[in-house]
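I'd like to ask some things about the structure below.
Labels run A, B, C and D following the written order; every chain starts at residue 1.
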Amino acid sequence: MSDIYGEILLDHYRLPRNKGRLEHPTLSVEGVNPLCGDELTLDLEFDGQRLKDIRFSGKGCAISVASASMLTEALKGKTVEEIERWIGVFREFIRTGRAPDGVELGDLLALEGISKLPVRVKCATLPWSALEEAISRYRG
Amino acid sequence: MSDIYGEILLDHYRLPRNKGRLEHPTLSVEGVNPLCGDELTLDLEFDGQRLKDIRFSGKGCAISVASASMLTEALKGKTVEEIERWIGVFREFIRTGRAPDGVELGDLLALEGISKLPVRVKCATLPWSALEEAISRYRG
Amino acid sequence: MKTVEEIRRDFPILSLKVNGRPLVYLDNAASSQKPIQVLNAYCRFCESRYANVHRGVHTLAETATGDYEEARKTLADLVQADARGVVFTRGTTESINLVAQSYGRKFIKHGQAILMTPMEHHANLVPWQVLARAVGAELRFWPLNQDGTLDMVEGRKLLDARVAMVAVAHVSNVLGTINPVREIVEMAHRVGAKVLVDGAQAAPHMPVNLSEIGADFYAFSGHKMCGSTGIGVLYGRPEILEDMDPFMTGGEMIREVWLDHATWNEIPHKFEAGTPPITEAISIAAAARYLQEIGMDWIHAHDTMLTARAWELLAAEPGVTLYGPAGERGALVTFNVAGVHPHDLAALLDRDGIAIRAGHHCAQPLHRWLGVQATARASFYLYNTPEEVDALLEGVRAAKKVLQLV
Amino acid sequence: MKTVEEIRRDFPILSLKVNGRPLVYLDNAASSQKPIQVLNAYCRFCESRYANVHRGVHTLAETATGDYEEARKTLADLVQADARGVVFTRGTTESINLVAQSYGRKFIKHGQAILMTPMEHHANLVPWQVLARAVGAELRFWPLNQDGTLDMVEGRKLLDARVAMVAVAHVSNVLGTINPVREIVEMAHRVGAKVLVDGAQAAPHMPVNLSEIGADFYAFSGHKMCGSTGIGVLYGRPEILEDMDPFMTGGEMIREVWLDHATWNEIPHKFEAGTPPITEAISIAAAARYLQEIGMDWIHAHDTMLTARAWELLAAEPGVTLYGPAGERGALVTFNVAGVHPHDLAALLDRDGIAIRAGHHCAQPLHRWLGVQATARASFYLYNTPEEVDALLEGVRAAKKVLQLV
């Protein structure tokens, strides 16, 4: 098993960014990891087409927590369209273990090894699935 | 597979003894071979406790026909008690491939190899199962 | 391209001697043998990659899960289907029971009809009898022509709007008839009926393209295609599987469980309760790869050549009656020899090392239609040779002599 | 008598390196590994004795049939039961579904109750939920004591004349609790209830004497006892099996078939529709013989020694919570480490080559009762060593360090 528990991932797990709840979220979504029953909540605050703020809460394993932390960091301030592009990029990345050409993944690169861990893919994608639902709900 | 198609068996198949129907049977029983659907009928005529006459009819494979032919030959004229003993002996013989000590099987020895052919056991025992039913019915 | 001689060397059992004679294995429609490639894949997996699948996060659990899901894709590719619709079952029989229960009990209603053919294997007949009795549905039977093909004119008349399900063999395991399943699916869909195709005798022997056939359900078994027993495939169109209730319940097929109720996992997992046949999936996938390397087209052509030869030789032999259509057919010939009980024929052939099947081949109603209790069947596969067909004929002649009534 | 070192050499997979470290396989409750004796028996059978069973009259069909029925006897012997009551299924899950459907739908009536425990595996819970909903039966749950044993006083009160079925694990796959099944059977029979014992975690690990336990049904799986996936056993008391309807229908389980109805074969064949898991039966029988040669008593003692050691070491480790009874228990320890998600623990142990399981172990209701989402579970078998238990402890300590929150 390729070692997924690298320093960047552990850093996000120990010191998660944007953890907690928002006071006035535009909408909140919940996700459940069928593998272990872990639950995660995303609060999103939009300003028109722009994601002004985002927080996540809930218990989870290091992979799901770090994935959520990285997600919030990467997407805060982005537009709905940009976020949708990111969701596609992330799914592709998780499936293949490679970033599409010309895309800078930043810390998310720490999840590179996940494509070889089919069982843990659900942990890494948990916050992203929740985000996807949030966006589709926001679009109406 | 040990060779069951020996001369004695083939002789009983080609020239079955006591084949046909009785005019005035005390009782008739039918047996079906679940393996192939073959049907066999036994007609029995009792004189008190003694089996005065016996005939078999129906289509069957060489093993079931020869087995029926040998059965009629071996048991005609025997008493109900003797027949019951023979049924026990035959079952034991078919299961183990050996005759119980001191028993003379005669032509039935030709069925020796059957114990090693679990699938064909049903062919050899078809007439005997029918006989067993006949006896238990006759006893009431 | 391998020669038949090379193929034969892949199958350890084919070098066996039976009663002192080289084994001539002509019982492939009952079950096929396994090449060393399949046995090796099995052992390698057990020796270095095995664990239970789908819930473990350790390395072996991840490898085993990956291999198991890869096997699903391999089988989906074999029949050109969407892997989401590929459910691993124990075999054709469980696949059909699953549909009869999970689809049938929910969607087939009192007064509707199930249309079958009289040539169905018990596996594609009895589950529908049980269902029909449970829900109050009617059973209809597509008439046969004299030669054992479907009477398309009469059948069309039975296919009205009350028919909810058509259950039909792709290839008959007795008559060898290859049914026009694509046409039947089109006809059935036009009246809103679903179609289950029993592919047990087709998938191992010919290219099968489910996206072309369009069947709603398609079933086949691993052990008839050089793979393991204990595994088979049910393909179901994903949108139909989604709507169906589970068949069995337990681990892996659930999403969340409370003391008094539970919710279901997504397809195809919803239909795979408990520890699935993991090593069997490795085996059937290795078998599918082996067959694909040889080429399904080649296998079909080879089978057809052997079958035609057998038909020709036996048709010319006095006292032999052949059943089923004379032309294009599945990889088998079914016959009777006057005065020779099929069981005796099979047993006597066995003295010469030749393995054929005798009996009703799990198709009693068809045998009633044929007017016989039992038949003898020789069935062929990629490793059989023309010489083995000739040996069959010699064996038949010898048996006639042995049993000849004086 | 073999030493553990010798036993280990029988299992090819145990010489594997995982992430550069020797494999420490502690996921035996999920599935066990296979010794070379079992793999060899499998291959030898495939290479020289294989054919479909029960209907062929040629040599291979006769040998395969003989071996298959011999396997049934071997399994009957293992648990000291009548072979007529031994049905081969795909595994514990199918065994229980079979009883819930074939016995339950016929004999469990509206208003009757099914009594279970909250420690059941989903396989022994969800099928009863489905049945209860279908027939209108009530579900009852035998309360647990604080330590995860059954509360025999409260349980007795639930066991009244309305209870038709008691479904209980012999050994819990999470708590390790060994339930007093013999006593439960006695209590249940007194009120006329039947008892199904889920022996998935018991039969592989300890001597099981069904004639003593007296259970009406007993279920276990091949893959947890050094045998194949794709096979398991349902033992049912013959006189009860006789009365039950078939579960699946198709070939081999029938006596006679007409177009519109059919009659059934005798037990146990009535419950084995279609081609059974033949090679899997060879495998599970070889496994049973292997275990019996080592000795079920020895295995039980060895497991108990390892489990006690693991319990002791982990109980002394700060931050570790253990679940289930402290004393006599099944061959596993289930625990949590404060601040470490079980999945992370399992993944981090895997870096050291140690395979344990993390999650809800198909027992979500029990985890709700425990008040946690998930747990970590190390489970032992005949080939594990005290040193491996020590490695587990070291691994747990290392994981705590890696994930330590700063």
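The working rule: a residue touches a chain if its C-beta (ideal position, glycine included) is under 8 Å from a C-beta of that chain, and two chains touch if they have at least 3 such contacts.
Since the model is a prediction, treat every value here as computed from it, not as a measurement.
K.L.:
Under the touch criterion given at the top, what is the topological distance in steps from chain B to chain D?
P.N.:
Shortest path length, in steps: 1.
K.L.:
If I average the CA coordinates per chain, which chain comes out farthest from chain C?
P.N.:
Following the centroid criterion, the farthest chain would be A.
K.L.:
On a C-alpha centroid basis, what's the spacing between chain A and chain D, in Å?
P.N.:
38
K.L.:
Go ahead and note the Å separation of the Cα centroids belonging to chain C and chain D.
P.N.:
Whole-Å distance between the two chain centres: 31.
K.L.:
On a C-alpha centroid basis, what's the spacing between chain A and chain C, in Å?
P.N.:
So the centroids are 46 Å from each other.
K.L.:
How many angstrom lie between the centres of chain A and chain B, each centre taken as the mean Cα position?
P.N.:
78
K.L.:
Would you please write down the residue numbers of chain A that are in contact with two or more other chains?
P.N.:
1, 35, 37, 120
K.L.:
Spell out, as numbers or ranges, the residues of chain C touching 2 or more other chains.
P.N.:
As it turns out, chain C has residues touching two or more other chains at 18-19, 55-59, 61, 256, 343, 347, 350, 358-359, 364.
K.L.:
Taking the top-of-page definition of touch, could you list the pairs of chains it picks out?
P.N.:
A-C, A-D, B-C, B-D, C-D
K.L.:
Tell me, which parts of chain B touch chain D in their complex?
P.N.:
Its residues touching chain D are 1, 32, 34-35, 37, 116-120.
K.L.:
Can you check the complex and tell me which residues of chain C touch chain A?
P.N.:
Those residues of chain C that touch chain A are 54-59, 61-62, 65-66, 69, 255-256, 265.
K.L.:
Quick one: which bits of chain D touch chain A in the complex? Just the residue numbers, please.
P.N.:
Against chain A, the touching part of chain D is residues 18-19, 341-344, 347-348, 350-351, 358-360, 364, 367, 373-374, 402-406.
K.L.:
Note which residues of chain C are touching chain D in the complex, please.
P.N.:
Residues in contact with chain D: 12-13, 16, 18-19, 23, 25, 27, 30-31, 33-34, 39, 42-43, 46-48, 50-52, 55-61, 90-94, 96-97, 118, 121-123, 125-127, 129-130, 139, 141, 221, 223, 228-231, 248-252, 254, 256-262, 273-280, 343, 346-347, 349-350, 354-359, 361-362, 364-365, 368.
K.L.:
Would you pull the chain A residues touching chain D in the complex into a rising list?
P.N.:
Against chain D, the touching part of chain A is residues 1, 3-5, 10, 13-15, 35-38, 59-63, 120, 123.
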